[in-house]
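Below you'll find the structures, each written out as structure tokens.
In what follows, chain A forms one complex with chain B and a second complex with chain C.
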Partner chain A sequence: MVEENQAILKGVGLTKVFGLGHRKTIAVDHVDVEFREGEVSSIVGESGSGKTTLAKMLLGLINPTEGEIYFQGKRLDLRTYKKKKEYWTNIQAIFQDPYSSYNIFNKIDTLLLDCIRMRGGHRLPHARKVEMMTEACSFVNLKYEELTNKYPFELSGGQMQRLMIARIFLLKPKILVADEPTSMIDACSRATILDMLMKLRDEVGMTIIFITHDIGLAYYVSDSVYIMAHGKIVESGSADDVILHPKAEYTRRLINDVPKIHEAWDLSTVDYSEI
Partner chain B sequence: MGKIMLEVNELTTKYITRFGENVYAVDHVSLKVEEGKSLGIAGESGCGKSTLALSLMGYYFAPLHYTSGEIIIDGQKITGMDPDDIRRKILGKEIAYIPQAAMNALNPTLKIIHFIEDVIHAHDPKATKKEIYELARERFAILGLPEEVLQKYPVELSGGMKQRTVIATSVILSPKVLIADEPSSALDVTSQKMVIKMLKDLMEKGFVKAMIFITHELPLLYNVTDDIMVMYAGQIVEKGTAREVVFDPLHPYSKGLMGAIIVPESGVRNVKLTAIPGTPPNLKNPPSGCRFADRCKYVQPECKVRSIDFRDVGNGRAYRCIFSEEQLRKAYQNG
Partner chain C sequence: MKHTLQQIFRSGKFVTGFSIFTALLLIVIFYPLIVRDDPLANIGQGTFFPPGVYVNVYDSINAPPYILNLSDAAAKRVASKLGNQERKDLKEWLVAAGIPEDEIDITDTAKLLDLWEKNYDPTKNIPGMTLARQRYFQRLNASLQGILSVEGITIANPNPQTGALEAVKTVQQADYVNISQVPNVRVLALGTDNFGRDVLTELVKATGVSLQIGIVAGIIATLIGLILGLLGGYVGGTVDDIIMFITNLFIVIPSFVLLILISFSIGQEKRGAFTIAVVIGFTSWVWTARAVRSQVISLRVRDHVNLSKLSGHSIPHIIINDILPYIASYVVMALILQISSGILAEAGLSILGLGPRTTEVPTLGLMMNWAMIYQAQILGKWWAYLPVLVTIALITFSMNLMNTGLDQVFNPALRE
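After this line comes the complex of A and B, so read on.
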């Protein structure tokens, strides 16, 4: 057997329960996940399947009710803020809504300079900082000279989301969690964002956890895929295996729900049972 | 050839901004939709798709203003009619509109049946509650919506269900033309499929005679509509049947759009997606020549100077480019 890359992030028996008693909701139910270094892994599921809750637990934003997270083979301990802060130098996130990801009072310049400062670059000469920011902007096909003095509201949604990736490029975390980064964006800019995520993987060697409800996007970017339904992982494996030869009934349904162009799209399977 | 349900000739509408500038967001658009057919409109955000949808209803409110052109619904010219008449006689009855986040229009303190009563009373004040309930129940049953929904509050329903309820409500008077402006883009794929199925059912069962479907999701458009028009910077740049436009696009912009399609099919991973660089031009002062010239790979000096005609090449196919069909196809083959 070929030796596989080591798992950089691992979740064992992760469970999250919201509420108490008869109002109890099990959002994530004993999930085991493993993300290998330098790969794009997708978590795919409908709304309400628990994929965002899982991501938040992996990010250390909420505490799991049960289960453990292992980062680089060591059990993660996030009991103090100091430890969390240290963990967050290794893991970063991009969220769904680019419009609410920015501090509207800060110029783009300030945002990028903050990233450099966070990586201990505050003593660098200004020319070097500008060079770094220019490099980050050109990584995402933006021009730094045009952006320096702008505020976030002057940019389009696609540009904002690309700038978020530029930020990640400066911070260079080991893991990036991208939670539906393309769902608020035009279909045409979507390809650009996905290509940039793949570029981060190929050129920076980042491990990317990509969360989406569109199995087509997951298939395009990822190396391995986890299919999630009602808080459980129903199927996992390499992208080709899962999407071209799905085993679980649920995966087949998800694939069926996405419109296709080379194959016929079967509309007769719609069931109206949901209220 | 069927009866023409909606005919639009050289429609131009503009926005007047706070500073008195004119922005022509719909610029000499002509289209025809036959009975039983659906027309799709594709384009990036900021291309004027939604403004076109609003303009088609013939009911204008500031900052949107009517400039020229005509709209004919089933032989009846609605441009130039009194706005009050349009609101009472045309909207809802002849032409219905579903906006993008239609579900947000539901007042959370009222039951669903109340909205249906509202729609019907606006057109027929004498209708009794019992008649309306019967009509709604019947219609909901045909469209696969459970009857209990009528007595529920909007907050008790899921997003997909709300969207379907709104669609059923807006077509309760069986309008001739339905305009659906991104009806499914706020939903996940499963609810999206239900909405699409419902729109198809409406067409098949004859509750609406013709449909205009607007979205930027091309695979969806391909599966739903018969014809596709591609819109760029307020103008129509290409039209043809869905199959022609998706598999054999002529205009470089349409070609660019087709290059960004992502579907879960085996070939996708090997194909390098190509996105169009740049953003659509600002329509306050649109470029004088071809509006796509700045972003076009095949741009010629001539493109930026003279305005380009919308060239008809027969069989309902037309496009707006200086190159001939053969030249374009050859250019695409060579990459």
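After this line comes the complex of A and C, so read on.
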């Protein structure tokens, strides 16, 4: 009962079926998930296990075939666009593919100014807005002066994902869904991105739902872990429990696939100045 | 944006199409400023005058004469009436009339004419010769009268009192006029049509009207297609079902058949060029709607749209900022195709006699229709229909070239 109250976001019996008849895919199959305020929870699973689909349902971007979502203890009603918009002031996302996350016709300033507007800052003087954008960019080690008037396709994948984090920094949502934010970029940038996400959690006090196919990464960042396979949750619990004492056969297989899990993520050896 | 424009003008196909189209457009705009004639005025009495320079005979006679003694003048005069074909024809008649073939030398003009004058008898019945052929020989005979004469022609005026002819002046065979001293010279570069209208002036006007019809039809079709496609694709659900139902209805009934039926039911009197354009527009949006819809369906689930939603944008804002720019290049290309197919549709309708009413403006289709009704193609009056066909071909060709050029540019750019 006590734990129940702490859950900021909860999904009960979430199911998504794509297509009809022979071409029916059950992407997510009666999944129960629960995310506690201020924690980082990971959803781990192989490609095609339904992680993105689950995340989009939690975000209210696709409607579940079945099941309910509870936000701050109240059942979410997302039947109208107006209600969705209200929900989206609380929850934000970083998507898997940075290249398709941007509107290629909008300048980077447009994206960042949208965030300031959403936080009610559209009446602020322009100088203050620039100040805020500069702060957000420097949070992710980018220089606003170099980005202003640029288009997204002029950035690298890593820069794009960092800019997405800058966006979250400006929006300061209660919940962040990070869908494999590092899967499209190299290992060094990956460490930086993770580090920035953790910094966000610490400074803003955000609840983070971290989606990954890499169980080692999940262990490194999260408080609790959900293991997902073929649309179902096969195991869940605290990160230590699940990874150090796995019960499900599938989890053990995932862990064995990662070589030397305990040493691999020693970030102290990474030289940030080179990133 | 600037980058894209540069790319577009580096595409050879686009530039070729664009140049042809611009040239046509410039002619349509500037020709009427130079030649201020009513394109529908019946200037010629009679039908299908061949292309050429028309010099006023009356003015030529009254223009100051210059005597030029040119050695080949007489020969040219004879040749213009008695060419190789005519010589062979003369021989044919003479042989049929019983003159031995080896006595006839068609290269010796004087002898040939002498023989002809002695033997030709218009009443003589030659077996197997058609009436038309007999008439031809009568006309030929008449045109040969006085062909070898070296005398001038006397111009005479009737005396107002007695009515007797009084010589005014004599025009010698060596008399010339300077064409710049003849006040009335008219160039009919494409001759006249069946009504005696100057084909070139009419064609320029018709091209302008047809382009306007195409543009109005194209814009209407593209707008309807775009709006229905966006609505159906983005909103989905019942709205999409209704739109798809209407779209499918229009697909099973071929749009040209629909066009014919609507055009027919409007009636000849109410069919102005603008009405026709609107009708064409309202019957040809279907493919644009379907294509836009399917593109929107794939776009609306993309993450940049999701991100825009998460940024709290309204649906109209998302459609305009996150969907429309991605399909804009496609819409521009569809518009170009719709314009050229609108022009073709008007031509098709008019050829069937269902085009705009004929009293106000010419269109390319109407010109084809008139040429057909008056059998220009059978009579060999190529100038009445060939330039129209070439113009239609040039317009559609240039627009298709621009379209392919744009396709080449836009597709890789979108992958950026």
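The rule is short, and it goes like this: the second predicted complex is superposed on the first by the 250 of 275 C-alpha atoms of A that agree within 3 Å, B and C clash if a C-alpha of one lies under 4 Å from a C-alpha of the other, contacts with A are read in each partner's own complex, and residues count from 1 in each chain.
By definition in this document, a residue touches a chain if its C-beta (ideal position, glycine included) is under 8 Å from a C-beta of that chain, and two chains touch if they have at least 3 such contacts.
Bear in mind that the values here come from a model prediction, so they are computed numbers and not experimental data.
S.K.: Contacts for A:88 in the overlay, against chain B (first) and chain C (second): which applies, first, second, both or neither?
M.R.: It touches chain C, and chain B stays clear.
S.K.: Have a look at where A:153 lands relative to chain B and chain C in the superposition and call it first, second, both or neither.
M.R.: second
S.K.: Mind working out whether A:102 is in touch with chain B, chain C, both or neither, as first, second, both or neither?
M.R.: second
S.K.: Have a look at where A:214 lands relative to chain B and chain C in the superposition and call it first, second, both or neither.
M.R.: first
S.K.: When both complexes are superposed, which of chain B and chain C contacts more residues belonging to chain A?
M.R.: Result: the larger residue contact count on chain A belongs to B.
S.K.: By the touch definition at the top of the document, which applies to A:115: first (chain B), second (chain C), both, or neither?
M.R.: Only chain C; A:115 stays clear of chain B.
S.K.: Would you sort A:61 into first (chain B), second (chain C), both or neither based on which partner it touches?
M.R.: second
S.K.: Over in the complex, which chain A residues touch chain B? Could you list them?
M.R.: Going through chain A, the ones touching chain B are 46-47, 141, 156-157, 186-192, 194-195, 213-220, 239-240, 243-244, 253-263, 265, 267, 270, 272, 274-275.
S.K.: What does chain A use to touch chain C in their complex?
M.R.: Touching chain C from chain A are residues 56, 59, 61, 81, 84-85, 88-89, 91-93, 95-97, 100-106, 111, 114-115, 117-118, 153.
S.K.: Over in the complex, which chain C residues touch chain A? Could you list them?
M.R.: That would be residues 302-304, 306-315, 321-322, 325-326, 416 of chain C.
S.K.: Write out the stretch or stretches of chain B touching chain A in their complex.
M.R.: 44-46, 144-146, 148-149, 157-161, 188-194, 196-197, 200, 216-220, 222-223, 246, 256-257, 259-269, 273-277, 279
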